[in-house]
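Next up, some structures in structure tokens.
Shared between the two complexes below is chain A, which pairs with chain B and chain C, respectively.
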Partner chain A sequence: MEIFGIPSALLGSQLLIGLINGSFYAILSLGLAIIFGLLNIINFAHGAQYMMGAFIAWLALTKFGINYWVALIATPIIVGAFGVLLERTMLRKLYKLDHLYGLLLTFGIALIIEGIFRDQFGISGQSYDVPELLSGGVNLGFMFLPIYRGWIIVAALTVCFGTWFMIERTKLGAYLRAGTENSQMVQALGINVPLLITFTYGYGVALAAFAGVLAAPVFQVNPLMGSHLIIVVFAVVVIGGMGSIMGSIVTGLGLGLIEGLTKVFYPEASSVIVFVIMVIVLLVRPAGLFGKA
Partner chain B sequence: MSTPANPNREMLRITDLHAYYGESHILHGIDLRIGRGECATLLGRNGSGRTTTLKSILGLVSRRTGSIMLNGNEIIAEPTHRMARHGIGYVPEERAIFASLSTEENLMLPPQVASGGMSVGEIYEMFPNLLERRNSPGSKLSGGEQQMLAMARVLRTGAKLLLLDEITEGLAPVIVKKLGEVITELKSRGFTIVLVEQNFRFAAPLADRHYVLEHGEIIATISKQELPEKMDWLHQTLGV
Partner chain C sequence: MLDKKLLTVACAAVFATLSAGAQAQYSGNVVKIGVLTDLSGTYSDLAGSGAVLATEMAIADFIAKEKPAFKIEMVSSDHQNKADIAANKAREWFEREGVDTATELVTTSTALAVMKIAKEKDRIALINGAASTPITNEQCNDVSVHYTYDTYALSNGTAKAVTQQGGKTWFFLTADYAFGHALEKDATAVITANGGKVLGSVAHPFPGSDFSSFLLQAQASGAQVIGLANAGADTTNAIKQAAEFGITPKQSLAGLLMFITDVHSLGLKPTQGMYLTTGFYWDRNDETRAWAKRFFDKQKRMPTMVQAGQYSSIYHYLEAVKAAGTDDTMKVMAAMKKAPINDFFAKNGVIRADGRMVHDMYLVQVKKPADSKYPWDYYTIRQTIPADQAFQPLSESRCPLVKK
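And then the complex of A and B:
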């Protein structure tokens, strides 16, 4: 079967890859959006924290025999706690300064983290086996779907929409939304904003680590895996609108699909299509598709 | 001129309060005392330090020194979010309604800090407009509705000391009249109120005492009884 002259298996598999990449874009840009929304900090260490997630899962498995499912829960908690430490000891001192200071600090932190992992493990990729429960695949008729890849999409959508629900429909989310608008007034109303900020940064970092664990079985685990991805993720955040929660999720998934389709119809442009879209969005709607001017 | 509150009923005592924004020294030793259930106004021209006095009580200035005693406890070293827990409710001049939250989410946002706060039913009875607009985003409310919501938001929490900053500014006379009735009702319920107000005609009948500020200092304290004989001086000083 062919669609627009393209074999359906090829189109389906590229769309699937696009959706998987989009799932990672969505989780990572969601974490960045939450952090930027409340802390006003562009967290350049996000890619390194994603890499830490993948590496800690790999170390847990190879050194301690800790399986994928335990790592999927424990790793975000560990890396999130590392984020809390960073926020308490360093980022906290920058909130009253220009965004640039936060960006420079987190960029420096990213370089240090990557340097430590390169020093310890080199830059060759480490493999992480797909957990047994999710190995194999399903023949959908028009294409073959590896179960693990399907799981990535399901897990990413669950986490993204769970986070959206928490922010839009719970009291904690109301604190976060209000804090994003006017943190001084939220404090005056009796809410412990410094604690809220620490939680938010820790949660954003934990999301990055969660994406890292999900990525470990499909990508090579190596110290540069985050820095390769994070530039595209920043473009996703800009297109979606800085700080927009739904913008991050929809734009992340949408751009993954567009990237996948570009690979089918015009492969030469697949690595730049996201940036072309970013330029167009910045020219037409500088606040992003879902952002408020 | 001054009429000190009975120390046994004293709710708020501020002594030698200095406040700074960066390098700028804004308040130069404010002293005031407000008894439980009283309503006091802070009067003065723009820039005299009235809003800064309220913000200093809450810890919303970059630096402050002196003493702020609430119910006999020193609170000047406490962080801002603890002030609401001590029973201080703040309605800022700009209202600070959160645009991304609905009316009801705005209303329910502050945690309840003590018993004795008004129930949501009582609040909607006091401000029926808010009931009609409870699902509207904060950004879609009129100025008067935003002001009512800003007031309502602190009444639910159980706060007993209300700091109200220019609550009548820019509002239609009918809304101002309604707010006057609300403050009278709150006084009768035992709330202690510090009112920063430009609209002297609104504030005069409500207040038990008036503090007049100029250049970050209190230059006069006038009780309700002394007000008639001080009116000319007040008009001259405030330029009203």
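And then the complex of A and C:
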């Protein structure tokens, strides 16, 4: 059977791959959205923090023999702690200033981090093997799906919806949301808003690192792996609506699918399609699909 | 008394220096080599600081062995793979810093830009990292040498060997820019000439990271061989993901532009059995091993063909300067073209009228993990492609300098 001249099996596999890539977009844009929502900081270091996640997992495995599963938990904590340090020592001073300052600072930090890793590990990248438990694949009839790719969808969606639940349905989340709306009032009620902000930034950074560990066995672990991805992720956040939690998750997955289809119908445009959609969305709904105008 | 003696010695020294300067024909009394390369980007492992080191080694070896009457200096700079940056730096070097030759020049756009300025300023461009064939065809000039390799030699070597060994049907994953399309075109010509057939190709955005969509399209084509007409991280990611999706070893991969650093970064598991063409492999003979070990001691990596070629080209350039007794561009170019190149890198290498240095190339196959006995033991040399077959013949040249 063919759909638009493309065998349906090929189309099915492309949609699935689109969903896998969409999972990365979702988890990365979610982190950005949370940080922007509460801190009003456009975290340009997100790509570098994603790369740090992948590199630390690789270092842990090759230098200390720490396996994938431990790294999946420990790495986000380590990189998240690095984020906390960054927030406490530098970002904190910029909250009252224009967005542009935060953007420039985090962009500078990204360049420094990438420079250090490039200097230490070179540019060709490092290989991280798929963990034993998730190696191999299953034949779905229309495609051969590596088990690890399936795991990416499961892990990413679990973390994304877990985060959404925490922010939208728990007391801590309520504080967070209240803090974004009116931080002075929340502070007056006895809640430590600066601590909340630090925690939020650390969590957003940890999400990036988590995505990095997930990506390590799939892509070459390379100092520039985040800088290529981050631009697309920013477009995802803009399309979804800056600061919208559910918006960033749904948009991430949706754009992954659309990008996947573009790779079959007109591959040359697959790196541009997200930006074309961004332009259209900005013209029609300037606040983004899920953003509040 | 002692003071007087000292004064005499000092005077003699000054006189000696002055007279040496007056006799020799070296601009600024020094031969100055500029290494213009990618020190921070995608190509910094295959060229980069390793190319700077190779240049330093060549200069030190030349001084130790030849004891030249002239002074040699080296400067280096990061061109960030951008033609405008490369052009500005080369202009500055040539105009203000008395640089005699700009070398290395990875990425075609930077090489072409610097070649033009070299011609304008009457200096030399020694190209090692850049790969495209226009350097010695449409854009050729008489002050430039393309030394190590080019896309013709690579696609010719790899595509020919793979097709002849039974890989008759091909599908290309092509980086969607001039270089990728040129590579695909060159390879397609070789494949059809050898009785093979290209079933299709997909142009992927550059740079990409997820190649699974494109690989599945290649898989659906049923082609025996998937040709990778891309480079660097695109190639390594595609190879890694082909293994992940079980595409290899059922279908085989052919990397049309791969370096030993790519194999090193991927490891042998996903790359085993692949064919590729190279101008240099460190473990080929005692001579290459001896040089590569010296390089490794300093760089902690084995040299790529670009870095080995950089050493060889710099040494050859310095020999030519010595033979010509001057750093005058046209005289040095004549000396470089006159003398054959014989070192660990090339045997009887010759620089042709179009600027192409022709030398033997090697078709290698990546070893199985079990066959690799020590670090960097990656290749088995399957075939030595003789110089006259490895590169584009002069009869096909589109360079105006070639008289037909």
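Everything that follows uses one rule, which is that the second predicted complex is superposed on the first by the 288 of 293 C-alpha atoms of A that agree within 3 Å, B and C clash if a C-alpha of one lies under 4 Å from a C-alpha of the other, contacts with A are read in each partner's own complex, and residues count from 1 in each chain.
In this section, contacts are C-beta pairs under 8 Å (C-beta built on N, C-alpha and C of every residue); 3 or more make two chains touch, one makes a residue touch a chain.
In this text the structure is predicted, and so the values were computed from the model without any measurement.
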Original post:
Looking at the overlay, what does A:L289 touch: chain B (first), chain C (second), both, or neither?
Top reply: neither
Subject >> First, second, both or neither for A:Y175, with chain B first and chain C second >> reply: first
**OP:** May I ask you to decide whether A:A188 touches chain B, chain C, both, or neither, giving the answer as first, second, both or neither?
**Re:** first
**OP:** Please give the residue numbers of chain C that touch chain A in the complex, ascending.
**Re:** 40-46, 48, 176, 202-205, 207-210, 212-214, 216-217, 220, 232-233, 236-237, 240-241, 244-246, 261-262, 264-267, 269-270, 301
**OP:** Please give the residue numbers of chain A that touch chain B in the complex, ascending.
**Re:** 171, 174-175, 177-178, 180-182, 184-194
Original post:
Which positions of chain A touch chain C when the two form their complex?
Top reply: 7, 9-10, 13-14, 17-18, 20-21, 115, 118, 122-127, 129-130, 137, 143-144, 146, 148-149, 218-220, 222, 224-225, 228-229, 260, 263-264, 267-268, 270-272
Original post:
chain A touches which residues of chain B in the complex?
Top reply: 58, 60, 79-85, 90, 92, 96, 98-101, 105, 108-111, 113, 153-154, 157
